[in-house]
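The same subunit A turns up in both complexes below, where it pairs with subunit B and then with subunit C.
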Partner chain A sequence: MKGWLVLISLLAGALLLSLMIGQVLMTPAMLWTGLWSGTGPGALTLRVLRGPSTLTAAGAGAVLGASGTVFQILLRNPLAAPDVMGFMSGAGLAVVAGVAFGVLLPLPLLAAAGGLLAALVVTLLSVRPNGAQSTFTLILVGIGVSFFAAAASSFLVTRMPPQEAADAQRWLVGSLSARSWQHAAQVWGIGSLLFLVLAVQVRAMALLELGDDLAAGLGVRINRARTGLICTGVLLAAAGVAVAGPVPFVALMAGPLGMRIAGVTQPGARLTAAAITGALVTVLADVVSRSLVPGLQLPVGVMTGLMGAPYLLWLLMKEAEAGEL
Partner chain B sequence: MTENEVSDAGLSTEALTLAYRDRVVIRDLSLTVPDRRMTSILGPNGCGKSTLLKAMARLIAPAGGHVRLGGEDIGAIDTRALARRLAILPQSPKAPEGITVADLVRRGRTPWRGFLSPWTEQDANVCRQALEAVGLGELADRSIDELSGGQRQRAWIALVLAQDTSTLLLDEPTTWLDLTHQLEVLSLLQSRNRAHGTTVVCVLHDLNLAARYSDHLILLGPSGLVAVGPPGEVVTVENLDAAFGLKALVVPDPVTGCPMVVPH
Partner chain C sequence: MKSLTGLALLLALAMALTLLVGVQDASLGDLWRAVFAFDPADPAQVVIRSVRLPRLVAGLIAGAGLGMAGTIMQAVTRNPLADPGLLGVNAGAAFAVVVGALISGYSDSGMIAALTFPGAALASAAVFLLGGARGGTAGPVRLTLAGVALNALLLSLISAIILSRSEVLEVFRFWVTGSLAQAHSRPLAMMAGTLLLGSVIALVAAPRIEALALGTALARGLGTRPGRVQLAALAAITLMTGSAVAVAGPIAFLGLIVPPLARRMARHVLRRELILSALLGAAIILLADTLGRLIVAPAEIRVGIMTALIGAPAFILIARRLTPGATA
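Take a look at the complex of A and B:
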């Protein structure tokens, strides 16, 4: 219980910081006045300048965090996450390709299609001749697919007109600049729906976590349950990518971090903690990327990359020591 | 009870053939696991003991023949209905990080719970009894990671006990345990069998322990079934030679009178 309070207070603090900090500092009092009077600089900040992008950051972080935890539980490996395994790069590639070739589909649909396609490719490529599939092969193949999709996106960007290319390049790193209420509503709407879909699957998840044989013995239809969870996980990641670009490492970090802060072990609680932590990490990264260099707004993905890369290295070293690599 | 009723209630195989791709592991095996008894599957490494056990739990689809539970083809039983009748504990399961004993055991109730139905008094009672049966009542709130090897194995057994099935399959439940804990695990399975009439089937490595705790043995060799029946009939000098290529004496166990293997 104490862990949850810590987590929620941290998120509340981060949201407040995100609304306060920017080109002009807003005190909580100014924001408060703006919220109730609806006029003045506080109201402008809330309604236009920082409100929508803060909410979008929180929503994107939440769906990414939950997505990472789905794969970490399913594959029973802390390295499993949609960013590491190429699903987010796949979603990003689909969005860039859609823009480059003028495909008039909503971004979430493009991202979902790209993410699902990447997941399919990773799954098919990691089937071994004897029909078995190891978690580690899946992750390695995913890293390969991730690089391929990122390279293909960069290639497409170079063929765009200069202004468009600059925007696309920025988006591909993961960016929350100029987010509107529409983005916020989109990620929260799709995210809430996917959370309900996930809630239905939590029991199957708790059994799959014990290994396929035990889960099957306990009445889970393994292939069906696994497919359902993979699709939900990929769609969660795609919902994040559609509003914020393929922000790296949030999905990887949020689960283990949230689990430790909240002190939980059951899948449902882990998913909730991961969503809150994902929101926290993304909002904080956004605050720092906005204020680190005065007058320059760095893409949020640069910050999550700076925070996440050392974590990934530490994780790899830990796995290597445990003999898992 | 007539012969016919016994095979109807229990687990049996009929011309069962099991294969991984082209490699046939078990060919044309027909046998009956006696209902409400303790049975052990024995044999050298690679003879298909675990494969047979997995097929009995429908984790592997047969390449030919059938596994039957209560006369029905096991492949035709609804997944959840099967999970209420038969439980399997695979070899060396891995617990999720940080999970407590009680949380693990609770998951054994899943087949009995409706889609949105809450946790019931009945569920809580079955879990408590399962924990007490394995002697972990006091350690229910501990994390699995903190337990010793023997305690951990008992926690996993509590999970399948909480599943509350009439048939319980276990793949090498004593592997990696020291002798005291091996005896503990087998006694615990035996008392479950005696008290609840649970049909228990184990894959075991230790011939003497198997002979001591089982009512019935299935002995497999490199080329299929060697012998099946009560320990006194299965554990013989000839059968051991046929299954393991082992030259040994078989003498009565001084404690129980069961057959005991003494290698030359």
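Take a look at the complex of A and C:
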């Protein structure tokens, strides 16, 4: 219980910081007056300048965090995350391709299609010539697919007109600048829907975690449950990509970090903790990337890269002691 | 011998294509005159001399350097997924140059280009440590992900520095994109020299690196000192990768796809493999560059993107064959 309190107060603090910090510092009192009176600088900040992007950051972080944990539980490996395994780069590639070829579909649909396609390709290609399949091959093939999607995205970007190319390049790093209420509503709307689906699937997930044989014995249809969970996980990641670009490492970090802070082990609790931690990490990264250099907004992906890369290195050092990889 | 001749012919073809094909097509006669009887009034000859010859030389340096560096890396880490680009050595070199260019305010002097070497040295030392060159070997997943992390860290740092100083976007364009297009303003002669030095070190150390691959204890028994051999390998990788980044920026995947092809032709003799890697690396980069200039002419696709489009599927092919626990 104490862990949850810590996690939620951290998130609340990060959200408040995100609303306060920017070109002009807003005190909590100014924000409070703005919220109730609806006029003044506080109201403008909440309604136009920082409100929508803060909410978008929190929503994107939450869906990414939950997505990473779905795969980490399913594959029983802390390295299994949609950013490492190429699903997010696949979603990113689909969005860039849609823009480049003028496909008039909404971004979330494009991202979802790209993510699902990448997941399908990774799954099919990771069946080894002798028919065996392992998390080891899945992760390596996923990294390969993400390399390819990144290269193909760069290829498409070089074919765009200069201004469009600069925007696309920034988006591909992961960016939260100039988000509107539409983005916030989109990620929260799709996100809540997917969380409901996940809530239905969580029982099967808990049983799958006990091992396939036991789960089958308890009446879980293994393949169906697993496919359903993979789809939910990919769609969660795609919902994040659609509003913030393929922000790296949030999905990888949020799960283990949230599990530790909240002190939980059950799948349902882990997913909730991961969603809150994902929101926390993304909002904080956004605050830092906005305030690091005065008058300039770094893409949020640069910040999550600086935070996530050392975490990944540390994780690899630790995993190495456990062997197998 | 047969494979050597074949590769030499392939390289000659790639060189001819680099010099003759492009928006301004040129004939062999133009090439001859541009070299031996230069007429500054003929546009075909001017293009060959001032644009395509430097491009060719840069391609030769980068291709041979990255091909050989990949071969040495794969031999030392005993890992078929090792590549200077994927493991972050290129990014280390580029990072050092960007920092140097920012501090000094210049972007294209030979002194700045030489900063690739300390950058590459630090990054390859990090790779050696992570790759467990001392003691056991790291598995492919660990090594590859360590490279992903190192690359992400360095590129995030580069972006943070670059984006916070808007006047240096040119520095980024110049140093952090893998391309042969700016070859004419690179210190080509100097980098050819350092590449040669690196290749000599690699060729001399090759038999001892092979002994090391048999295991540290056995290598000691055969009279090699593992620490010194690894230091030589590190120096060779640094010199070869640094030269390549200084003339062409960071280009990934070349060091991944060249060694397995060269290994088969060289029948697993490292010295022969190195020579074939140099030829094959240079041929592939020149062909990829020519293709990149042709498919969207008059615009061009940077050669780094071309090698990634070819190399990523190759990465998946190689990864599919690996089994957990094996160090191939």
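We adopt the following convention: the second predicted complex is superposed on the first by the 323 of 325 C-alpha atoms of A that agree within 3 Å, B and C clash if a C-alpha of one lies under 4 Å from a C-alpha of the other, contacts with A are read in each partner's own complex, and residues count from 1 in each chain.
FYI, contacts are C-beta pairs under 8 Å (C-beta built on N, C-alpha and C of every residue); 3 or more make two chains touch, one makes a residue touch a chain.
Note that the coordinates shown come from a computational prediction; the quantities given were computed from them, not determined experimentally.
Trainee: Please indicate which partner A:L210 is in contact with in the superposed arrangement: first for subunit B, second for subunit C, both, or neither.
Mentor: A:L210: touches subunit B, not subunit C.
Trainee: Given the touch rule stated above, what does A:A113 touch, subunit B (first), subunit C (second), both, or neither?
Mentor: A:A113: touches no partner chain.
Trainee: Could you tell me if A:R159 is touching subunit B, subunit C, both of them or neither one (first, second, both, neither)?
Mentor: A:R159 sits against subunit C, while subunit B stays out of touch.
Trainee: What is the contact status of A:C231 with respect to subunit B (first) and subunit C (second): first, second, both, or neither?
Mentor: neither
Trainee: Now for A:F249: first (subunit B), second (subunit C), both, or neither, which partner does it touch?
Mentor: second
Trainee: For the three-chain arrangement built by superposition, which of subunit B and subunit C touches the greater number of subunit A residues?
Mentor: Here the partner covering more residues of subunit A is C.
Trainee: Quick check for you: in the superposed arrangement, does A:V220 touch first (subunit B), second (subunit C), both or neither?
Mentor: In the superposed model, A:V220 contacts subunit B only, not subunit C.
Trainee: Determine where on subunit A the residues touched by subunit B overlap those touched by subunit C, and list them.
Mentor: No residue sits in both footprints.
Trainee: Contact residues on subunit A for subunit C in the complex?
Mentor: 79, 84, 125-126, 128-129, 134, 136-137, 139-141, 143-145, 147-148, 150-152, 154-155, 158-159, 173, 248-249, 292-293, 296, 298-299, 301-303, 305-306, 308-310, 312-313, 316, 319-320, 324-325
Trainee: Taking the touch rule as given, give the residues of subunit B at its contact with subunit A in the complex, in rising order.
Mentor: Result: residues 20-21, 54, 57-59, 79-80, 82-84, 86-90, 93-100, 103-104, 107-108, 110-111, 113, 143, 159-160, 163 of subunit B touch subunit A.
Trainee: Please give the residue numbers of subunit A that touch subunit B in the complex, ascending.
Mentor: Against subunit B, the touching part of subunit A is residues 73, 76, 130-131, 203, 206-207, 209-211, 213-214, 216-221, 259, 265-266.
Trainee: Across the complex, what residues on subunit C touch subunit A?
Mentor: 81, 86, 130, 132, 138-142, 144-146, 148-150, 152-153, 155-157, 159-160, 163-164, 166, 253, 296, 299, 301-302, 305, 308-309, 311-313, 315-316, 319-325
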